[in-house]
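Here chain A shows up in two complexes: once beside chain B, once beside chain C.
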Partner chain A sequence: MARALPYLLLLPASLFLLAFFFYPFGLVVVESLTRGGEWTTENFSRMTGHWKFSQAFWNTVWLAAIVVPVQLIMALTMASVVQKLKTGRSGLLYIFAIPLGISDLAAGLIWLAIFEQSGFLNSILHAMGVIDRPQLFLGYQSLWVIFLAVCLAEIWRATAIMMVIIVAGMGLIPKEYNEAAEVFGASRWQRFTKVTLPLLRPSLQTALILRILMAFEVFAVVVALGGTTLPVLMGETFQWQFQLQDRGVAAAYAMVILGLSVAFSLVVLRLLHVPKGARI
Partner chain B sequence: MAEIVIKGVAKSFGAFTALHSVDLTIADQEFMVLLGASGCGKTTLLRIIAGLETPTHGEVWIGDRRVDHLPPRERGIAMVFQNYAVFPHLTVFENIAFGLRMAKLPQAEVTRRVTRTAELMHIEQLLKRYSGELSGGQRQRVAVARALAMEPDVILMDEPLSNLDALLRLEMRAELKGVLAESKTTTIYVTHDQVEAMSLADRISVMNGGYIVQADRPTQVYRNPAARFVGSFIGNPPMNFLPAKRSENGRWQVAGQDFEGPETAAAEFAIRPEDMHPAEAGLEAEVRVVEPLGPHTLITAQVAGQPFRAVLESDRAITPGEVITLAPIPDRIRWFDPETQKAIA
Partner chain C sequence: MSDVTIAAPREEDVHRAGRFVFWAGIALLVLWVLVPIWFLFVNALSAPSEVTSFPKRFWPSFDLASLQFFWNFQGVTAALWNSVKVAVLTMVLSIGMGAPAGYALTRFDFPGKEFFRILVIMTRAFPLPLLALPLAVMFIRTGLDDTVLGLALVHTMLALPFAVLITFSLFSGIPVELEEAAWTLGCNRLQAVIKVVLPLALPGIMASAVFAFVISWNEVFAAAVLTIENRTLTAFLLQSLNVSPLPLKFAGGVALVMPALIFIFAVRKYLFAMWGIANR
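Right after this comes the complex of A and B.
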């Protein structure tokens, strides 16, 4: 009985997950592979045949490829600084964590208020005399501006989550390792690359996987800033499901996002693998 | 040549003063032990010498260079940490090689030094392992090998044996002494274990409350404590202290007995537990506890209402409640000034 107790206590949550996650998930898988009750790959060929697919795919991948490394470097820098603080540490952490409390749609709208034709950026540039009339930044003629705005909004919004995880991870590294490295001749940068980073691998795994999954699911920020001008995978899923009423193709898109997420999670796990016996 | 000179080094953490103006000279190739209870400032002093802590005042010289403004890596030191600090993400080989790689030594030299120090510390069969796969004693050996591989002028050790079990500690102690004597480095070794200090040191610096109370050879520290604190801290059981009164004839009255003493107004009588033998005349001790230790018997008694310990030959049977008379060996009696707590010569 005593041995079964933990499992019994976890049973409701497990059942809940099975019922409300795995079952619908199974349904989506089936949905993506059937059409009119027949097993087929037509959903996927329809998806890839559409002119927006490759744009959406590459936009999503490029967004992740730019946003995640920038965030990683920023989060590591910020965490290292926060780590060194003697006072005011938790206060700063709260400030950094404020964007975490805002939904991605709200974040997108905040950045829209900056970039739109009557937005802050236009007002400031006009007031400084740089431009004589409001500019259309987020138009379809200048996709790269939308792309840049999305990158900025994403970086602003979700760097804190990585930083919080990395700060926690850095707190777990005994300071003697750093001191030993210092005594044995490592410079500040070498201590960071040869001691802190390798010992931080478990936290980096968590932070990167979490962040990469979020990056592949980017949606509301893109919609707020660019509507459908800048197609992304999640946006296309939404389009096919609700505008085009084609659940099969929407499910196929969902499968693509899932595939990307799993593939990159595996890559991160592999790259940041810590051999047994080499853990703190 | 690496003589270490510490001049007026002081360290405060906010309102707390960890070190009050410490002066100390450690000769080239000397094995100096900093001994004291926790919080006495010994680790702070070591960390200041290492460069991991900045002194509030004072100078640190290693060799002929003033180093207190230099980072640790420019001081020509190596260090063994209390928790070993063997990097978990590196193999034993890479741990020992860490400092050599930082110094950008050629691979052949790195391999030569790692192999040599690993053999010296008997860990050559562990070179491919990670620290998670090692026992505490093995990690300790890696930490020492890593320091020796640097071939430094000075090795600093911060309670290196305190995390080992008693038997292993004894074994490592003897081994460390041999290895360090061989390496011809100047060693500063921090410990709170007086036995460790006595057995390893060329000289011991006894520290208390941020001061160095006495710095001398182990036997001197033991036989001639410079202060009451040293007598009460070193020795197991520690020194006995009894109040003394000047009598009219110029001699000293201690627990009803007459002793020759110093020419001062006030003094406290002190004697080591093993420096007495049962005799016809002497201090009257009411025995409370008798602990046979094999070669000796440890007696806990009361003399003139004060707790008092004696280590006696075990051939005579003594029972609790008995009153015995103990005669101190005259030239082993020490006197302390009750005011300053310092020894009266």
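Right after this comes the complex of A and C.
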């Protein structure tokens, strides 16, 4: 009985993972490779043959490529700033962490309030005398503005999650390392790049993997700001599943997102690999 | 004399300038986080006619017409209620399955332990909302389609890994000696857990439950894929984005943001501990 106890305790969670994680992922793989009950790659050729695919793919990848590095720098800045504070630390941390609790849809709506035609950006520009009448920012004629707005909304929303992980990670680094470096005459910047950053690698790993995954799943922010004008992978998946009622192609899209996520997770793991003995 | 002071500014001045930059940077970051939220609230607390007028004021008129319009809009109260039901169910399911697993991982050494832990961590490298695609089919077969329970099961899959890892570290923080003392005083294993461990772990468990609630409350993609009649608030807002007037969107945005803000505030003490843990 005592032997079986841990397994009994793990049983519900394990069964759940089996039924709602492994099984459905198996189903997606099968669904993407079959059509009308036969094995085929037609779903993928339909997907890549559609004019929106390459746009959606590159929009998603570029979005991630721009947003993630900016966020990494911002999150590191926020975390370092907070570390240096003596008073007001927890208050500042709470403010920085607020976007963590905000849904991507709400974040999209928040930035819509800024960028829409009667929105706050137009009002600010008007008050400064730059423009006479409101400009249409989020139209299909100016795709790059939609792209920029999505970038800003994503940076605004999801920097907090990286910041929180990095702050937690910095808390785990023993103070002595930094003090030792200071004794040997390392400048503040040297201490940051030579001591803090290397010791922070496990946290950076987690933060980057989580964040890159979220970047490939970008969906509601884009829909809120640009509707379907700016195609992204997750949005196309939704379109094929719902509007076009083609589950096979939707599954193929899912495989692309999955592939990107796994590939980049592996890259991050490899780049920021920490040997077992070197962990704190 | 004056030439000398220009050529080599006093150390004190450099210090003061550095401090000024530091605090200005903090102020900028705080504004960057708070101002967009402020704009959303200004919109939601102004009359519908003000929301669409130009140029805009940067202070709300505290007219509740927008919020009333939102509240009385067909389907909104039902959607809100659905969101609450799904989130509560997610909370109960993920803690109900996650806490026993977390306990087993802390208190027992058994073959397969490491395997289970890695399995749970691995789920994070997958874009989980995509699970909604195959599950939509599976749910139609089992009659779970378009139900609160069906969606809650998918959201539980999102929240369960966190619940397992967080409770794992919570229980690790409670000395096993306390339990052993309870055994010697005549408690059996279950009694010791209920009377000794649970009261100590309760605040942390509550925090991770709140976390599960917020994950479910904010989730958009799976909710939009899996619900048609019984939409949650996020699904409702997403599906009506291109037909609903601006005041409705912004009032809906506030309705989405408010609970998240309150909850994040309630668990702020645990935020960093939890992410630090979910990190390992």
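Here is the rule we use: the second predicted complex is superposed on the first by the 276 of 280 C-alpha atoms of A that agree within 3 Å, B and C clash if a C-alpha of one lies under 4 Å from a C-alpha of the other, contacts with A are read in each partner's own complex, and residues count from 1 in each chain.
Keep in mind that, in the parts below, contacts are C-beta pairs under 8 Å (C-beta built on N, C-alpha and C of every residue); 3 or more make two chains touch, one makes a residue touch a chain.
Owing to the predicted nature of the structure, the values given are computational and were not obtained by experimental measurement.
Overlaying the two complexes via chain A leaves chain B and chain C side by side, clear of any clash. Once chain A of one complex is fitted onto chain A of the other, the partner contacts of A:Ala65 are absent, as it touches neither chain B nor chain C.
A count of residues in chain A touched by chain B and by chain C gives the higher number to C. When both complexes are overlaid on chain A, the residue A:Val267 reaches neither chain B nor chain C. When the two structures are aligned on the shared chain, A:Gln190 is found in touch with chain B, with no touch to chain C.
By the touch criterion defined above, A:Val81 lies against chain C but remains apart from chain B after alignment on the C-alpha atoms of chain A.
When the two complexes are overlaid on their common chain A, residue A:Arg247 makes contact with chain C while staying clear of chain B. Of note, the Cα-centre angle with chain A at its vertex and chain B and chain C at its ends comes out at 80 degrees, rounded to the nearest 10.
In the superposed pair of complexes, A:Ile73 makes contact with neither chain B nor chain C. In the superposition on chain A, contact is made by A:Glu179 with chain B only, not with chain C. Of the two partner chains placed around the shared chain by superposition, chain C is the only one that A:Phe96 touches, whereas chain B remains out of contact. With the two structures overlaid on their shared chain A, chain B and chain C come no closer than 10 Å at the level of C-alpha atoms. By the touch criterion given at the top, residues 22, 25-26, 29-30, 32-34, 36-37, 39-40, 42-43, 51-56, 58, 96-98, 100-101, 103-105, 107-108, 110, 112-113, 116, 119-120, 123-127, 129-131, 133-138, 153-154, 156-157, 160, 164, 189, 214, 217-221, 224-225, 234, 237-238, 241-242, 246, 249-250, 252-253, 256-257, 260-261, 263-265, 268, 271-273, 275-280 of chain C touch chain A in their complex.
Residues of chain A touching chain C in their complex: 3, 5-7, 9-10, 12-14, 16-17, 20-21, 23-25, 27-28, 31, 74, 77-78, 81, 84, 90, 92-106, 109-114, 116-120, 122-123, 126-127, 134, 156, 160, 164-165, 167-169, 171-172, 202-203, 206, 209-210, 213, 216-217, 219-220, 223-224, 227, 234, 237-238, 241-242, 247, 250-251, 254, 257-258, 261-262, 265.
Against chain A, in their complex, chain B makes its touches with residues 50-52, 71-73, 77-79, 81-83, 85, 87-90, 98-99, 102-103, 129-133, 146, 150. Against chain B, in their complex, chain A makes its touches with residues 174, 176-177, 179-187, 190, 194-195, 198-199, 201, 274-280.
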